[in-house]
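Structure, as structure tokens:
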């Protein structure tokens, strides 16, 4: 990933000329498109585009933004530009389970995930040693019914002070307040330990056991005010059989959860995910 | 599959000696066990066993049954014996969709499924040409709210007259009466066009579209009085993405449905499936 | 799929302006891009693009072609244009195995595959009844070492007379001559009954059995002069275990073969596949 | 996993009475069989059995072994007995890549893998910090063409002194000498970074790139004197496409390797794997 490769994403209502607004602009400014993906949703009538382009010689980002804004405005486009090797700041929230956290930290360390983690926040002290080993600040913010507003306010403060661009709930086992959900809408990813919309609520693997299912899954989705019902980014699934007691389903589930969450985070930071009402468009690869 | 290979299955409450009741009997009668699988469910406290054995020289089935019954009685075992190459009579029920029917007929023809189909029953005439090509009697039993009891009574008559050992609902789009459900409990397999328990009811693929899911699936289960909630035998699943409109999900679903249903039928006729309360034990291979 | 939706594909050496050559042209002619995918292979330094666009009002195909050619010429682009609902003529070649043929015919019938089959050619008479049922002309062209040149010449004549745009070798068990391979290069798809490059040559499932593999697969690839080594379009794979004797591997393989071949044919006719030296670029969806 | 649950495995040439030798013995000694799996390979004519049984009250292991040996001798059975919660000592060998090691250590820590790791041995110092964090002795044994015999001799000494029951080559990038291979035959597991028998030798992911494959995989197998050709325990596979450059294939491969290796280790320590000539029998669950 070289310094002079950029990712431009945009979306707006479907209209003639939206593709050219992006590709024509890039061409006329001498930028070389390495990969391009656009999609028009016929039902929601919205347009989505992701272009990965190379700039040779000096690139004046400020000028690019100013001039592109003029084009984008005509279509009421929302757009974003970032270097391909941009390393976003990601705050991770956890409780006691460490399988998702461990996977994110490990993949980041070996370069499979290109993020910077300025803070791990937990309502429990248990995972501090893991954070320490990776030399990441760990904030223990205990919570009770009484202290929830204060705890969330501290939590929000950390997210802001660290300039987080993404918040990942890596098995954070507290229900967020409506207010915090709203603040995090579209830029916080949660892992739900079932294949939504099946088995919502508590103890999904026990529910699955009772039903005698032959597959278990997990869902990574954006947070919104509708608990566990935010737009789905990725889902993972594995076969199981009658020999899986609830604790075995939970163990199998852990593997699915960590893989699914890491995948969703990767899609997000590579700017592959777009909100499309309460669904998503994901330009995989 | 030679003539002298048999499958013996049994299940009962967990108790010391259940395995030996089967394996000791087979041994002392000189029968050679080729494959054996037993499982004790710690939660339901039930025992399940499936033995595939070879008999050399003359095999007196009557005598085997009489003597084994004495052993089985001690444990209140329910058991079944059949030649491995037994070709069960299977009645298939369909409506207008032919993807599941086509797969069953084709797999049967080429020997991947070892069944005899004495009747295909439908509430529509559409699939008669397909039945004709495979030279299978096709019964068109139209249905309306008024004629439901009569229709089901004719249907039941055919099932009985053909000595069907299994009934397969290969996308039969009518809700069965409680009475018929009860009669078919445990020996009729339905394919539900979603990954239960998500998306129950009508138009599951449209529901899935609305939710923006990233996987779709299908469930093969035994019929019981609890509509779409019978014990699950097999589930299939495939990834999808934002480019799948409802009709694309349906097309993808068709592939999953036919594969999942065929798999469940195969497990059943090979005596690999046991009821375990509202779950199943499936000794795959 | 409406009449006024078209697919334009193009590829050429990587160069600034290739994307705009397509997108700018479509925009300036008032064509609406519904889906767009481009990719630049950094290693082979080649550019690939597929645009699906809608034309409102009258569309002058001739004029489109003439004017686009002018643009394409500058980049030495190879390009193709077809209506999205184009139904290509596809000749299918078979021997005695019918699982792939059956799947293609069935998927075509129910509309999951949009092709016209003017001829099924076989070196054996066995599959004529199946062709008859689907009312497709069946050409029995027996072959021996002596008659190979004549047989291939008749075969080629049929392919030409039917205006076939694609030839599918659906388990055609004869090695084609170099000459015929060359003629079919890039527009004939073969299914190889193993996960290439493992188990080349005869009896791949027996080879797999000997090796005790835990997965079996199949490969759909373009024909070229390098037997079984043409560019890969799609591969399928399934887990197996110790209970699979060679005949079981073959049965499992059949399912993988037909699914993999159908998938490759679908990609090809939807113009999703590009040759990239001895590899392919496949814009899935 | 309670203390009084045991796993008994046995294998020998196929002969009448082999199942009863195990099940009859367990029954007559009052042991309760929770799970039982036997398989007769018709081609190699060998018999394999795995029984998981519960002993209530005091269990005299010595007496069990003595008496069972008498039965087993009649069939020339090779057999093993261990408590279900037995924690085998496993020595891990690595070079510079840490993805497999990290997965094994992590799964062991959270209890998904029940092993004790008395030593990590490497020809490089790189992974010492990881070993330190998990508080596991790390032996750095550098190697050169000249020092190979000495290095292997030290290595072997550690394996012996730690009473290792299993050796895992978690991407150990040195070819073992014939002598060491022979010593480790059947109780050392290697992860091969391709789906054997495809892409043997160096740089398999680069080979895969050149071939334009659409799937990549990994193979966990027992070490034997035939380099990379030992009996296969497990294989993993994932789809890839044209956007995967060699380094992307390597990254994808890492995920497959660690999952496949962990799975094979789990099968082995749960006594689910039997050698069957140069293949394996794996009683999964």
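So that you can tell them apart, the chains are marked A, B, C and D in the order they are listed, and the count of residues begins at 1 in each.
In this section, contacts are C-beta pairs under 8 Å (C-beta built on N, C-alpha and C of every residue); 3 or more make two chains touch, one makes a residue touch a chain.
The chain list, named the UniProt way, goes like this: A, B, C, D = Formyltetrahydrofolate deformylase.
Worth saying up front: this structure is predicted, and the values here are computed from it rather than measured.
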{"item": "Maximum centroid distance from chain B, chain identifier (CA atoms)", "value": "A"}
{"item": "Interface numbering overlap (same over half, different under half) for chain B and chain C", "value": "same"}
{"item": "Interface with more contacting C-beta pairs, comparing A-D to A-B", "value": "A-B"}
{"item": "Between chain A and chain D, centroid-to-centroid distance (C-alpha), Å", "value": "36"}
{"item": "Mean-CA-position distance for chain B and chain A (Å)", "value": "41"}
{"item": "Overlap residues in chain B, where contacts from two or more other chains coincide", "value": "35, 39, 42, 241, 243"}
{"item": "Pairwise touch network: line, ring, star, complete, or other", "value": "complete"}
{"item": "Touching residues on chain B, where the partner in the complex is chain D", "value": "16-17, 19-20, 23-24, 26-28, 30, 32-40, 42, 49"}
{"item": "Chain B contact footprint on chain A (complex, rising order)", "value": "39, 41-43, 195-199, 211-215, 217, 231-235, 237, 239, 241-243, 245, 276, 278-282, 284"}
{"item": "Of all residues in chain B, those that touch chain C in their complex", "value": "35, 98-99, 102, 106, 110, 112, 133, 241, 243-244, 251, 254-255, 259, 285"}
